[in-house]
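Chains: A, B, C, D and E, in written order; residue numbering restarts at 1 for each.
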Amino acid sequence: MLQQLINGLSLGSIYALLALGYTMVYGIIKLINFAHGDVYMLGAFWGYYMINQFHVGFWTALIVSMIFCAIVGVVIEFLAYRPLRNSPRIVVLITAIGVSFLLENGMSYLFSSSPRDFPQAMQMVRYHFWGISISNIQILILVTSIVLMILLQLIIKRTRMGKAMRAVSVDPEAAKLIGINVNHTISFTFALGSALAGAAGVMIGLYYNSIDPLMGMTPGIKAFVAAVLGGIGLIPGAALGGFVIGIVETIVQALGFSAFRDAAVYAILIIILIIRPAGILGKVTREKV
Amino acid sequence: MAVLLDVKDLTKNFGGLAAVSDVNLHLDDNELVALIGPNGAGKTTLFNLMTGQTPPSEGSISLRTNEGMQVLNGKKPYHIADMGLARTFQNIRLFKELSVLDNVLISMTSKNKENFFGSLIRTPNFYKTEARLRKEALDLLEIFEMQDLADTLASNMPYGAQRRLEIIRALATKPKILFLDEPAAGMNPEETAALTATIRQIQKDFGITVLLIEHDMSLVMNVAERIYVLQYGKLLAEGTPKEIQSNQAVIDAYLGGGV
Amino acid sequence: MKKNLKFNAIWLLIAIAGWILINVLEGVGIIDQFAENTLVLIGINIILATGLNLIIGFSGQFSLGHAGFMALGAYAAALVTQAIPTPGGFVIGMVAGMILAGVVALIIGMPTLRLKGDYLAIATMGAAEIIRIIIVNLKITNGPAGLYGLPQLANWSLVYVLVVVTTIFTVNFIHSRNGRAVMSVREDEIAAESMGINTTKFKVAAFVFGGMTAAIGGALHASYIQTIAPNDFGIMQSINILIIVVMGGIGSITGTFAAAILLGILDMVMQSFGALRMVLYSLALILIMIFRPKGLFGTWEFSVKRLFNRKKKAKEGA
Amino acid sequence: ANKAASEGNSASGNTITIGGNFELSGSAAAYGSAMQRGVKLAVNEINKNGGVKVDGKKMKLKLVTKDNKSDNSQAASIATNLTTQTKASAVIGPITSGAGLAALPNMTKAKVPLITPGGTQDSLTLQKNGKVQPYMFRSCFEDSFQGEALARYIYNNMNLNRVAILGDKSTDYAQGLIKAFKKEYKGKVVVTEYYQSGDKDFNTLLTKLKGKEFDALFVPGYYSEAGLIVRQAREMGITQPIVGADGFADPKLIKIAGKKNASNIYYTTHFDAKAPANDKVGKYLKLYKDTYGDDAGTFDALSYDAVYMIKQAIEDQDSTNSVKIAKGLAKLKNFEGVTGSITIDKDHNPQKPVIITKLENGVEAEATAVK
Amino acid sequence: MLLQVKDLSVNYGVIQAVKGINFEVNEGEIVSLIGANGAGKSTTLHAISGLIRPKAGKILYNDREIQKESSQKIVSGGISQVPEGRHIFPGLSVMENLQMGAFLRKDRDKVKKDYANIFERFPVLEERKNQDAATLSGGEQQMLAMGRALMAAPKLLLLDEPSMGLAPIFINEIFDIIEEIKRNGTTVLLIEQNAAKALSIADRGYVLSVGKIVLSGTGAELLSNDAVQKAYLGG
């Protein structure tokens, strides 16, 4: 059972890692960035090419991918979302879906849709103790997601940029009036969120050793669910949601209901939302009239 | 004159803050009453309590109906509205993307209910009712000389017109009591004067009771028959405009020397 | 009163004329089987999107689970027509699907419609996925393989009639007192409640109505394609319907028609673009949204009455 | 001349049109594009070698492909498009059973044969009343054939009598295999667990399986997930043989699993470089590698064969008429394809030997043909 | 001259809200803009703050053209606005809102002192320091909006109807505060419905009607002007 808990945490950390980026973008422009999962895919592919073509090490690939994805995120925001700054949110959502389709199919078109093996830039080592087994890469992912969560929380709570992000998220107009550059702030958020996705792409590529252009679809949706479950827009919420989903999936499968794994996740999501309409950590603010 | 609305020992706590505490007040038939008090005194909160937007911490609100006094606590806002309490909002809350006429028609829904399946098939009765409601709505708009704006989007109208529409919309629910939260905010003296006249007129023509919150004393002192003064959530004073104007406690807390 | 009758008659005439026109075109061979196929798929999408537009565009509730209700309609119709392979059987199946979808919408809607915006979206998406997963795991639905070899009882005429009927019902609903109440929920829930409108009731009503129309679309889909599988009703299907609604203009039934037709034709033309197909489609989607963010028609509606009045005005002016 | 010729589609001019109803985008794009590669390879090869001999003259093949975006209603619409607009004499694809079923009514209406290289569902080629679908053919095995063959092989040849199953819940392919396997297997199925296509993490399920006693792990599914399962199972210390069907038969399986992990793996396949059924295999593998710079997978080969099956049917019937081609396909006997010597049986399933390949350290260690 | 507006025109789509107006604000002055609802007062302020691009005309601040500059640059140049409808940051506490006001400032010590000043002026805000700003009463929000703008330590403060929704006793106070702000060296451009009060503290004033400036003069002149009396003072 302890082993299953480890499995759940390790799966959850992957969801959490992706959910963090989701939640950041959502937090600032209230956009369900459907393309987030696909930026993660791009990160994995970029890491793949860096390692295969330039034979860089894991850490270099990780950082280069983060930078690459940050740029991609900013460019996507600039071209596809910024022109719609004053449009209804659902319109931007559709655009995001369009971007997601474009990335998935564009990559399929250019690089074929069949999966490819990720170069083993880091030797997998397994540690066995107390009857459980855990690999160095699992630990890496788990630690990274927790560190990033703390880091992000610090950025948002402590830095000037974080302050600007909070202001823009609640009232962009008023944010301008206190001298915040709204566009820069949003770009920064996309860069940060996308860099996280890039990191996730490389780490998860390495972990599973398989990447393909559609790899972002399912985890993207799961990460979105995780972000909502924890309270969308909240950094700790995203992490918590990710872990909860990872563990729920593990428990359901361990209990022998593997065919109903996703149904159970959604059922728990709905139940939690009915009890806490703004997610586990979200607080419901009744509008004052 | 019988009591129409009776508020007893009403209290609302937000965390440690008693926004409204132990308030007792009553509204009678056909009265025009004002509620004043410093910023943050709890006036809007009191409105929210009476119209069901906010559940009270303690105390009761009851309304006289055909079946005698009925307690409103715990009832949903739409139910309370249906029973005859209508309101406007401090920060205008119109149905922005709908026409002025639709704004008014929507308020008539609760008094002119429609069967769900009936609304799918257009019976002759449907057209008859629609025509009647439309006429009623236009008549209401006419009171405020807004019939020409009937097809304008609510959000495209100047501020003052929006405030007036909010009042019409509330009237369209055929209320027994109308609550107005700062109806003159953002209006200049001239517009305020016009509003004063209209409020008085509708109160008389519709035979309803009006309770209004307002910081503009030119309006309050002109229309109110009685005034309640709230401070720190508690009732500070009650009386006629004359009495209130000369009440030292009210002057110190609220009016200042200027009036 | 007479005037109303006249407008209704004009609408009816337009509908009948459309039907005759298409039949004639089919007779002379301008509309071949492939075009008819396209028309049917467009028609089904119109039904699906109209219902979703009622939920999203008019009641302002963000539902991302339309495919779930579509699935209920499809499976109900498929199972019933397998047992009773007659037009009557199809009607029974479709109605059963509608009732099932209505009841499920009620069960899902009651608790979840309290949620706001994206929370509701994800809850409805989850609910639809649960429906799908249950279908995957049921014996009677034949698991992931789905049901196939269904009798083709839906033809193009039936689809046309049902498009007309659902549109009329939807439009009538929107322009009734209930419909206005639904719209007030979208505009400002707090204000609506204060005007005596039971917002929960109207939200659920729109949701149930939308769910039932989705079931009609699903039933037609099952019976026309003759094959259904759980994967036909996944998240992507919900998204595809959503795209029609938004592209047409949230809150415009005319727009829904236009977008369904445009996307339907695009879908057919793009079949020949091979692997580039979805690349071009997604580019088109992004560009349309950027250049027409209000949708093809915004909230504009085609109206016989207005057309008529304008003519009259022009005449008076002359 | 005869009635048959007025029905269905025939070639006009000097080219025979073959339709491609391919999954080029969407969830099955990986398999659909493999199908496209195989079909293109065959069509180009045939044309380069002169074409198809009909009525004493050589006619070229023209391939018209459409993308059904892995969507069933699009597959149906494309079936109409290819048969009524393009006037194809035969159509290859879609690759999945579901899409194939959706396309079938329109193919039947137009009387044009459809060959699916990947639709393995048993009932795909059969009507409700048990009669054969006249216009549906496949170049791949049906589920029961492989499932039963594996069941027998595990029990009889490998002498293993306890099996754990880890199958894909979201595809009918895996479900069909499981059903057939369970029916035929004489030993005990210890446990059956499910995953979904697109899953990447199988640690939980494998951890659970690890605690059970079993002799072999049967994984009905495609290589994209199976590769990961093999890898994660081996890393976890599950050393029992892992058995799969032709969904395993792709070089990607070994790449994803890792060479070291791809040991003690058994799967059914259609062709094998080590024990080639005929001299075509080697040539095909080389041509494929030269053209695409990659190793050929199963779907590519099955699609490649599908084209040659059509060519054979045309030449046998000496007609480009689609009804005739269907007849020819139904009568196909001892057709030598790269996936073996094929005879179409009365249910339009190809009868060909199934080869079971064993992997050791990522290379094929042995291959056995089973009946 | 601190601010100079030249032939400013602003459109919303096809609607021309401001039609070629000219006015100026000198350093150390209180200048008041008055006019009926929809006259274009708020629109003018939006143009100055860079929230909306003018269609034509110039805005000179310290003789520098700012009509094309970003709002960020404009704010960092020392122009701060208390917008109509308050626009406080909901979900953030009162204190956080005030901190936001000092977003561009680097002089930490001075900022600390300014918090104290704000709390002295608006004691309610100190009482409500940790409350979610969205739950403040209307008047409290108005004070917060003012406090936030002051935290930017502006050279030019744009006030859009600061007395709206305030209790009478506090209206007098708010005008005192505005005068005090002026004494502390901040120039003020004031929009008010309460024209009498506004003009009585203003050095100069302009009357705006349907997008045009129809009258101008010193505060006292305008106060005694018949037309102004009639239209805006309820006399």
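The definition used in the following text is that a contact is a pair of C-beta atoms (placed from the backbone, for glycine too) under 8 Å apart; a residue touches a chain by one contact, two chains touch by 3 or more.
Just so you know, these numbers come straight off a predicted model, no measurement behind them.
Separation of chain B from chain E in touch steps, taking the shortest path, is 1.
Both chain D and chain E are touched by A.
Of all chains, the one whose Cα centroid sits at the greatest distance from that of chain A is B. Centre-to-centre separation of chain B and chain D, using mean CA positions: 73 Å.
Distance from the chain A centre to the chain C centre is 33 Å, each centre being the mean of its Cα atoms.
Mean C-alpha positions place chain A and chain B at a centre distance of 48 Å. Look at where the CA atoms of chain B average out and do the same for chain C: the two points lie 40 Å apart.
Those residues of chain D in touch with two or more other chains are numbered 25, 27, 29, 33, 169.
Among all residues of chain E, those that touch two or more other chains are 135.
Shown for chain A are the residues that touch two or more other chains, namely 105, 108, 259, 262, 287, 289.
Going by the touch rule set out above, the chain pairs that meet are A-B, A-C, A-D, A-E, B-C, B-E, C-D. Within the complex, the chain B residues that touch chain E are 14, 36-41, 44, 90-91, 158-160, 182, 185-193, 215, 217-218, 253-259. Touching chain A in their complex are the following residues of chain E: 49-51, 70-72, 75-76, 80-81, 83, 87-92, 96, 99-101, 103-104, 132, 134-135, 148-149, 152. Note for the complex: chain D touches chain C at residues 22, 24-27, 29, 33, 36, 65-69, 71-74, 76-78, 80-81, 84-85, 97-98, 101-102, 104-106, 109, 121, 123, 127-128, 169-172, 175-176.
Across the complex, chain E meets chain B through its residues 36-38, 85, 124, 135-140, 142-143, 161, 164-173, 193, 195-196, 231-234.
Remark: chain A residues 3-4, 7-8, 10-11, 14, 105, 108, 112-117, 120, 124, 126, 133, 135, 204, 208-210, 212, 214-215, 217-219, 249-250, 253-254, 256, 258-259, 261-262 touch chain D in the complex.
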